[in-house]
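Here subunit A shows up in two complexes: once beside subunit B, once beside subunit C.
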Partner chain A sequence: MTSKGKKQANKDLISELKKTRKKAELGGGQDRIQSQHKKGKLTARERVEAFFDQGSFREIDALMTHRQSDFGLDEKKIPGDSVVVGFGKVNGRMVAVFSQDFTVMGGSFSEVQGQKVAKIFDLALDSGVPVVGLMDSVGARIQEGVYSLAAYSELFWRNTQASGVIPQISVMLGPCAGGSVYSPGLTDFVIMTRATSHMFITGPKVIKSVTHEDVDLESLGGATVHSTKSGVAHFAVDSEVEALEITRKLLSYLPSNNAEPPPALKPEDDPNRQDQTLDSLVPADPEEAYDMRQVVEKIFDRGSFFPVHLDFAPNALVGFARLHGQAVGVVANQPNALAGVLDINSSDKIARFIRFCDAYNFPLVTFVDTPGFLPGVQQEHGGIIRHGAKIVYAYSEATVPKIAIIVRKAYGGAYIVMSSKYIRTDLVFAWPTAEIAVMGADGAVDILYSKQLKEVEDMEEAREGFVRDYQDKFSKPYRAAASGHVDEIIIPSETRPRLIASLELLKNKQGQTRSKKHGNMPL
Partner chain B sequence: MNEIEQGLILSGIGIVITFSALGILILLIVLLKIIFPTGQAVRKSKTETEEIPAEDQSTRERKRKIAAAAAAAALSLQKDKTQSSGLGQVLESPPGNWWHKKLDRIHFKE
Partner chain C sequence: MGDSAQKIWVTVDGKKYLVEVGDLHQRPITVIVEGSSFEIDLDYDFDDTGEERSISSDISIQTDAPSHSVPAGTTCEVTAPMPGDIVQILVKAGQKVNQGDPLCILDAMKMKNTIHAPQAGIVSEIGVQEGQSVEFGVVLFKFS
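For the complex of A and B:
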């Protein structure tokens, strides 16, 4: 072949590749793309482009096709099948992604989709980069039978292997039903879009036939339900663009893997800043509520608090924030909701967040103001013991730096579980408003002085006297400080510089972990 | 003259020259001190001979106070530079080797 002929042959080859790429880029075709747009949804590739830093996405396995022939599948071979996988940069840091393509057979999970996802997962796991799944699929590909189920299993297995090694985020942008929900269920964070995404094990029709309950798609498995009631979703947003934005923001706090510290930003806020409004923020009346989020926002770097699971179990507040640029995990009781009590859901919320922070090297800062665990038959029968124990387990197991600030009430068992000194919290500070006791003064007096109260003439006056005595003893933190149960009583406005100095001290902390396969957490 | 005697004579000459030079140097220093007396010595001789007027004394006191204040300010400035807490500085760099040891233990279960 002549030199000109060789050049032409190469040109033809490249042209052929370009054509095949073009076909792969179209996915299920122009009609399906338009139909996707009509539903207010982006295509798999549009999502990927919107998610990554401009021009940084690199696709792999774009030409993989399935090998099935049953049910006419041999006539439906589309390069890339029903998922787009690859890697790119988010805020300059590498992230792996798989984006299910609804235009190709409804994004159904085929054997090939499983192989592609498994490959990118393995690459991410070996390289120590986070994995983000952009989910939009009808579920398993029925035509493929057991091949599809096996592919799902491979994903679930990898989800589990990667747990605690690389951060995993599921962004729900369409339906996710049946067994397929276990993959997002296994990941660290789930982000859902309202109206367009749904998650459930069994759909409304099956529920109707089995339990005769009438329920629509949105009420069963919509973003609002999962972000407020079930706690499956950590974030619920109105649009896909918002979902991708929140994913990028979340990633800005997370390290790429468990061997890295969380990324620190150049500090912009004054480390010595002391917000004087903190000194009067906690109401003198212990029955009066206030917003713990305000406390958190005034202490941490301005605008850095990023709440997680905000609408689920609102009596607890968890999220990421920065102190002098350093990312930390924040756990707090929220007196604005249910007086900040601990119940089943808030226990799960707190414990899961602590475990994430410990796995990925986030120091933990805890703000305590809780009157205790929520009493009630429903809570007891729902297993509050088991769920509450998760908080103790998570705090006790965590080896990252742990700092606690007792803001106001710290009563009974709730005091112990909320990062007390005894479960190896490194530094425990108390504000002058702190009350550390077995229970509130009124309840304690009724038990301690029941006999005396029956014998006195003026019961009310005597009772008031006993309550005052009890309050003098336990409604101030000095007794706890005198016995070393609290490391220091601090003025609220001093909290920020105190925390920064404490983090500096604990920066290189080495936690003690006993050698074991794994513990047996009360799940 | 044998070699030992020659060596002893040369050593003697060397010692004489060294000590003579040292003597001349000391003499020179003493002479220079006499010709150019230090400020302290001059003041001492002046106080011994003259009575300082009251007016001069208050001026000197004021000057002394100004000098003391300036010295205190300079010290304070220097202290600020060398002894500031540098709050948060440690957090601006990644964790040290001590921290990484912890990770090794977790990963490899020593």
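For the complex of A and C:
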């Protein structure tokens, strides 16, 4: 062949590839793309482009096709099949992605989709890079039978293997029903769009035929339900763009893998800033509520608090924040909701967040103001014992730096589980408003003085005296400080510089874990 | 509908409906469900013993356009989130509230907890009184 002929041959080869790429990029075709847009949804590729730093996405397996022929599948071979996979950068850091393509057979989970997702997952896991799934799929590809089931089981297995090694985020942008919900269910964070995304094991029709309950898609498995009632979703947003934005923001706090510390930003806030309004934020009347979020916002770097699971179990507040640029995990009781009690849902919320923080090297800062565990038959029968135990387990197991601030109420078992000294919290501070006791003064007096109260003439007066005595002893933190159960009593406005100094001390803390296969956390 | 109307809540397949029942001594009985009027003829009257409760009804015709007595929109209940004592009720029946408005103060778990309106609407019924102890789940307010 002449050199001119060779050049022409190369040109042809390249133009052939370009043509094939074009075809792959169209996914299920122009009509399907239009119908996707009509639903207010972006296509799999548009989402990926919107998600990553501009121009950074690199696709792999764009030309993979299925090899099935049953039910006319051989007529429907689309390069890339029903998922787009690859990697790209988010704020300059590498992230792997798989984006289900609804325009190709409803994004159904085929054997090939499974193989593509497995490949990108393995690459991410070996390289210590987070995985984000952009989910929009009708579920298993029915025409493929067991091949499809096997494929998404492989994903579940990888979700589990990767748990605690690389952060995993599921962004729900369409339907996710049946068995396939267990992949997002296994990941660290779930983000859902309102109105367009739904998650459930069985849909409204099956529910109607089995239990005769009438329920629509949105009230069964919409973003609002999962972010408030079930706790399946950590974030609910109104649009796909918001969902991708919040995912990028979340990633900005997370390390790429468990061997790295969370990324530190250049500090912009004054480390010695002392917000004097903190000194009067907790109401003098211990029965009056206040917003714990304000406490958090005033202490951490300005604007850095990023709440997670905000609308689920609002009596607890968890999220990421920065202290002098360093990302930390924040856990707090919220007296503004249900008096800040610990109940089943808040226990689950707190414990899961602590375990994420411990797995990915986030120091834990805990703010305590809880009257205790919520009494009631419903809570007891719902298993508050095993759910509440998760908090103790998670804190006790965590080897990252742990700091607690007792803001106000720290009663009974709830005091112990909320990052007390005894579950190896490195530093426990108390504000002067702290109350550390087995129970409230009224209840304690009724038990301690039941005999005396019966014998006195003016029972009410005697009772008030006893209550005052008990309060003097325990409604102040001095007894706990005198015995070292609290490491220091601090003025609220001193909290920020105190925390920053404490984190510096604990920066290289080496926590010890006994060698074992794994613990048996109460689930 | 006149003063003799009674308001009752009826649950059908898990969905709650506010039903206004007119004079029970009249035939047919007029009821308003979600703003629509219905006339009901009873096959037989209530048993005096009060034990026979099942009635078969024949819903005849819808008599008029949506009534003004039931405001449009969904109805909802606010229940006690914790066991405790109602210290103060901050709204009156018939009062219009916005989402997040304080409805009452519940003394529970060593704290005076403000119960807020989960959505905007009109308080149609107050199920508790000041000073009353409530269990978890007790209906405090109904509103539409």
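Observations on the model:
Please note the rule applied: the second predicted complex is superposed on the first by the 523 of 523 C-alpha atoms of A that agree within 3 Å, B and C clash if a C-alpha of one lies under 4 Å from a C-alpha of the other, contacts with A are read in each partner's own complex, and residues count from 1 in each chain.
We take it that a contact is a pair of C-beta atoms (placed from the backbone, for glycine too) under 8 Å apart; a residue touches a chain by one contact, two chains touch by 3 or more.
It should be emphasised that the depicted structure is a prediction, and the values quoted were computed from it without experimental measurement.
When the two complexes are overlaid on subunit A, subunit B and subunit C sit side by side with no clash. Touch criterion not met for A:33: it reaches neither subunit B nor subunit C.
After overlaying the two complexes on the shared chain, residue contacts for A:155 are found with neither subunit B nor subunit C.
Once the two complexes are laid over each other on the shared chain, residue contacts for A:427 go to neither subunit B nor subunit C. Superposition on the shared chain A places subunit B and subunit C such that, viewed from the Cα centre of subunit A, they span 130 degrees in steps of 10.
Once the two complexes are overlaid on the shared chain, A:24 sits clear of subunit B and of subunit C alike.
When both complexes are overlaid on chain A, the residue A:267 reaches subunit B alone and has no touch with subunit C. Shared-chain residue A:511: touches subunit B; no touch with subunit C. Once the two complexes are laid over each other on the shared chain, residue contacts for A:173 go to neither subunit B nor subunit C.
By the touch criterion defined above, A:325 reaches subunit B but does not reach subunit C. Measuring only between alpha carbons, the smallest separation of subunit B from subunit C in this overlay is 37 Å.
Counting contacts by the rule stated earlier, no residue of subunit A appears in both its interface with subunit B and its interface with subunit C. Listed in rising order, the residues of subunit A touching subunit B in the complex are 258-259, 261, 264, 267, 271-272, 323-326, 399, 497, 500-501, 503-504, 507-511, 513, 515. Subunit C meets subunit A in the complex at residues 13-15, 81-83, 107-114, 135-137. Those residues of subunit A that touch subunit C in the shared complex are 212-215, 286-289, 335, 338-341, 371-372, 374-376, 378, 409, 411, 440. Contacts from subunit B toward subunit A in the complex involve residues 85, 87-92, 94-96, 98-99, 101-103, 105-107, 109-110.
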